[in-house]
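Pasting the structures here.
Next, two complexes with chain A in common: one pairs it with chain B, the other with chain C.
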Partner chain A sequence: MHIDPSVVDWSRAQFALTALYHWIFVPLTLGLTFIVAIMETIYVKTGDEWWKKTTKFWMGLLAINFAIGVATGIIMEFEFGTNWSNYSWIVGDIFGAPLAIEGIMAFFMESTFFTVMFFGWDKVSKKAHLISTWLVAIGSNLSALWILVANGWMQHPVGMRFNPDTARNEMVNFWDVLFNPNAYVKFLHTISSGYVLAALFVISVSSYYLLKRREIKFAKRSIMVAASFGLIVSLFNLTTGDDSARQAALSQPMKLAAMEGLYNGKSRAPIVAVGVLNPKKRYDNNESDFLFHIDVPDGLSLLGFHSFDAYVPGIKQLVLGDKEHKIESVTSKMAKGKEAVTALKAYKDAKAKGDKEAMKVALAKFNANSKYLGYGYLKKPSDVVPNVPTTFYAFHTMVACGFWFIALFVIILYLVMTNELEQKRWLLKAALWSLPLGYIAQEAGWIVAEVGRQPWAIQDMLPVNMATSNITSSPVMITFWLFAILFTALLIAEVKIMTKQIAIGPKEA
Partner chain B sequence: MFEKLSYLQLQEYWWFLIALLAALFVFMNFVQGGQSLLWSLAKNEDEKDLIVNSLGQKWELGFTTLVMFGGALFAAFPLFYATSFGGAYYVWMAILFCYIIQAVAYEYRKKPNNVFGEKTYETFLFINGSLGIILVGTALGTLFSGGNFVVNSMHLSHWTKSSYGLEAVLNPFNVAFGFMLFFLARIQAALYFINSVDDENIIKRAKIVLKYESIIFLILFAYVAYSIFTMTGYTYDPITKVVSKEPLKYLHNLLAMPIVTGTLGLGVVLLLSGIVAGLKQSAKGIWLSGIGTVLVVIALFLILGYNHTAYYPSLANMQSSLTIENSSGSRYTLVAMSYVSLIVPFVLSYIIWAWRAMNSKKMTIEEIKNDPHHY
Partner chain C sequence: MVKNAFSWIYHLYVDGFKGMKLGKKLWLLVAIKLFILFVVIKLLFFPNVLKENFKSDKARSNYILEQLTKGE
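Moving on to the complex of A and B:
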């Protein structure tokens, strides 16, 4: 089946656009639901009406964010069908399950108790209300769990086998899919990053009040809750980030190489703390990798394999192969992949004719090469190299922001506890302006995860050029622009409404 | 326990769950119906707020049911998901746009500094409540009337018309299906307001809507039912799986499955009695008609998918038609997902708890004015 290459580009662009927009709103929901649940718990425990008012204020901001998160989210689920129709058949048997479980287990919980949380203050008991608030937090995080199980499976497919009769991958072990190491590391790293963002949000808004010298008690108490929460979760985020890199080293070595701009594999590989890539560098030339760089010695070997001496393969070895380190070349994998594609076709043709002998021969040939099926759809070996600058800079931006947030939480927590925060206006300004960095770090993280695994929709199994719908590019292009316009308009409205509510403040809320 | 079921029984079980979700979704469309009635039922700002807030506590449930409907189709019948969404592209995208704008409209409508003004967000609600539902109904109509797709030997599909699904609106049956759903949503909305809003003027106007639009709905319903039970459907051989045309297929299915016939009959009776109850201003109207709607939709879906019927006929290549057997997930996945489905009663029970808690007494304008967080 011929697929128009521009459909692949437009489908990727549309998915990137909608996912990046959706991800502006999700992390804040993931974290802020917990922060309001903690605040409401304090209210219920102490009976202090002040905490109720504070809870309600943050809840109001949560609702503004939540609505647009829902709006941008619905498209994501259906896009698999509309724009990635082949994908939906080829892996839908595994991928569809977590999406459906997300709906039944998480979305109903979230939406049902969200209504109770917002409108049920006088309609249910205090305790039932508190439970509802916690269930919103748990529901939204459960939803993250299932979608990240799905995404983790795309990065590291497990628990399935290819069925030549149906020409698709089918699930053979649900628990392998659920307990996929890539999935739970991704889940923990993603939700903890959401908590970090929510903590930054609360600190940033509160810093704005302190700078304006208003809502002092409210701001300081909110900062106390948020900075404590933020410090714990940012440290946790650091450890899960380390695990994520290790997962990449094990199952997506090309992604790790791109994240670090590592063209030539080596033992005792350093990690680049700061660097500028050489734009002329390709895996098959001898240009130097960087124009400028500062390294942490042995860092990458340690990060990827938890050993100073470990060998980390570079982009060159991953494309051309390396006998010493038992790395097969892409050319060889592509040849086997093409054998698999041909054998699968021969099997289907023989089956249609009812030729059992030919089916047997074709099946044996297919089974011998089925592991490489995805490579059979690639056009040239260099297709397996993702966009290195995008992956590299996104990764380094995310990491730099992450370390800054830890430092910020430590300093702010210390100063708020010693009651000196209000005087440190430079720090309040820094805290205020750290919020955009939080969003940048969030988006950068997903860029690393998704750009870094190109060209694969499913790692090593299904390249994006085989995964799209069999349509012309115009419907995808038209809807891309419609989404771009609509989401931008809604984002503008959201930001305006949110900033207005913040300006009004908790007193009037 | 699910392991003991045959593959076909699992496929039937999952088709039943799809039918149930579709039925609950159609019931929840009263939210959309209410949105489309906003400007006709409310004559001042207070009344508008009352309507928006009474629907505002329910919209997410309908929205989530739609998302769940998509997710369940993806997991249980991935070939439908791939074929219909990836083929009837424009129709599904248009539906999604109608839902995207709904999701922000409630929250942003009254907020200061909302950039586009209250009227715009009300228009979003109107578009979702009218065009959105009519398109959903049109898309559902194609399950009977068919789509222009081809599925190849690798089970990959493509659409044969460059209008990518928009051609469905040229078929009067599909359009009638869409409008039938639209008027059903509006009469259900009228019944919902009678049940849950304490405002004489709104109730009075809701009763007028109920009185006249029930007639339009019933005419459309009669036309759609007549069309379905007289149309030629696609059947398939249980052994060879070869698809062929069968005149009066859906009528045959109805006669072959007496339980489904009973469900349909009971559903229609309850739906009608709900309308009558509503005209007498009984709060029970929405529940009678709601349960009736659920039963009717389930019955229609079972007639569509059971008894060796192609539930999504292909107009481009008959043998590409989708059946619950050729479009489902693997046996393993259906078993695993069947275990997951055991939490459905638990989910339904907390939804019922929340509904009862939130609707324990009728909503008034004063109540909204006293709640600073109202929509």
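Moving on to the complex of A and C:
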């Protein structure tokens, strides 16, 4: 297939832009719904009107974030049909069910429980309102489940079969797709990161009030809830992060190697705590991997395989192969992939001629090599290596931020409980400025997940250069800039409206 | 009873919208955004390539198979 390479680049850039902007709005909604549900539960349990006021203030900020973020994800569905039509067709049956469930669930939840949550304070009983708030929290998160199931499938395609008659993947086992380990680990890690961000958001805004010496009682109560919630969910996020790395080790070893800048595989592989990659390093030269690095001994073996002695393959072994560790070379996989493509063509031609015997032979050959199909479209073995610096630095930024958040939640929670927080103005400033770090960690996580699995649109099955549409790049360029302007305007609106409401404070909640 | 339920839902929305302060601005923002997304951007720039260019699923399948095996 001869697709203009600039269409691939612009389509990827546009998808990255829309996904990254979309993800500015989503995680705060996912987490803040739970925090307001917890605050409202305290209100219903204690009957203290202060908690109602507190809940309503944060619910107001949730409404702003929700309103500005709503439907920003729909753009990605537009892009699937226009820029990624080959991909959309090939995955259609897999994506259909999860995305339909997501659409129905989001519609019913948003039109009913959101309305009761925002408009129903004086219309329904306290308990009915509380149930609606919890259902909004649970529903929004379940809605995210289906999107992440679809994404998990792209990272580790299971429960399907490629039909050479229709050129589509057809679902053979819904439960395999739903309980795909890559999908549910991704779901848990992603939503818990949203909870961490929401906790940071509440702490950051409350710290602003404490620094300004206003809304003291409100801010301390909010911090108490957010720091407790934040500490629990950040520890959970740490464990799901460990699971995510394990899934990468099992099904996307190249991604794990890129995350750690590991060019040469080894047993008892260390994990890099801090490091600067050597820009001259390639998998096929003898340059050193790093200009500078501090390691945690055996850390990567433990992280990836839960064993200190485990062998972790490097980029070199994953490209060139390693007989000792039974790693097949990309050259060998490419040969099998080309066999699959040839067999698919032979099947198509035999079917056109009505030659059933030839169809049978071609189909058997295709099935024998179909798991390497994607490799048949690669031009050279090094195509399987993702952008190592981007993946490495994004991963380490995310992890460093994650550990800082855990420390911040512990310190803040201790000081607010001992009533010393107001005096620690340096810490309040640090908490205030940790909010941007929360967003950076969110985006870095998606960069690791998506850049780290390049060149694949569907792991081992469909590279991005085969997934795009056969269109010209001009409209994709135009819409890239249109989206950049639209999303930037939305972000500015969000920040302006949000900061105005924060400046007003909880008095008028 | 059904009438009462509809009346309750109607008033939930109407009173809710009437009582909004910041919400009115947010709804306006949502409406403008949805107009830009669905009317301007979707209609002008985002055709469904396979639906527009092919009349049946069979034709679409053949096209994709052709794309997947073109180099052979």
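The definition used in the following text is that the second predicted complex is superposed on the first by the 502 of 509 C-alpha atoms of A that agree within 3 Å, B and C clash if a C-alpha of one lies under 4 Å from a C-alpha of the other, contacts with A are read in each partner's own complex, and residues count from 1 in each chain.
FYI, contacts are C-beta pairs under 8 Å (C-beta built on N, C-alpha and C of every residue); 3 or more make two chains touch, one makes a residue touch a chain.
As the structure is a prediction and not an experimental result, all values here were calculated from the model.
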Chain B versus chain C as contact partner of A:Ile101, first or second or both or neither: first
Touching partner for A:Ser88 - first (chain B), second (chain C), both, neither: both
Chain B versus chain C as contact partner of A:Thr342, first or second or both or neither: second
Winner by number of chain A residues touched, once chain B and chain C are compared: B
Touching partner for A:Ile492 - first (chain B), second (chain C), both, neither: first
First (chain B), second (chain C), both or neither touched by A:Val274: neither
Footprint overlap on chain A, where chain B in one structure and chain C in the other make contact: 1, 60, 63-64, 67-68, 70-71, 74-75, 78, 81-82, 85-86, 88-89, 115-116, 118-120, 123, 166-168, 344, 348, 469-471, 475, 479, 482, 486, 490, 493, 497, 501
In the complex with chain B, residue positions of chain A that touch it: 1, 56, 59-60, 63-64, 66-68, 70-72, 74-75, 77-78, 80-86, 88-89, 92-97, 99-105, 107-116, 118-121, 123-124, 128, 132, 163, 166-168, 170-172, 174, 344, 348-349, 352, 469-472, 475, 479, 482, 486, 489-490, 492-494, 496-497, 499-501, 504, 509
Residues of chain A touching chain C in the complex: 1-2, 60, 63-64, 67-68, 70-71, 74-75, 78-79, 81-82, 85-86, 88-90, 115-116, 118-120, 123, 164-168, 341-342, 344-345, 348, 377, 466, 469-471, 475, 478-479, 482-483, 486, 490, 493, 497, 501, 508
Chain B residues touching chain A - in the complex, by the definition given at the top: 57-58, 60-61, 63-64, 66-68, 70-72, 74-76, 78-79, 81-87, 89-90, 92-93, 96-97, 99-104, 106-108, 111-116, 152-159, 162, 164, 329-330, 332-333, 336-337, 340-341, 343-344, 347, 350-351, 354, 357-358, 360, 371-374
Touching residues (chain side chain C, partner chain A) in the complex: 8, 11-13, 15-17, 19, 21-23, 25-27, 29-30, 33-34, 36-37, 41-42, 45-51, 57, 60-61, 64-65, 67-72
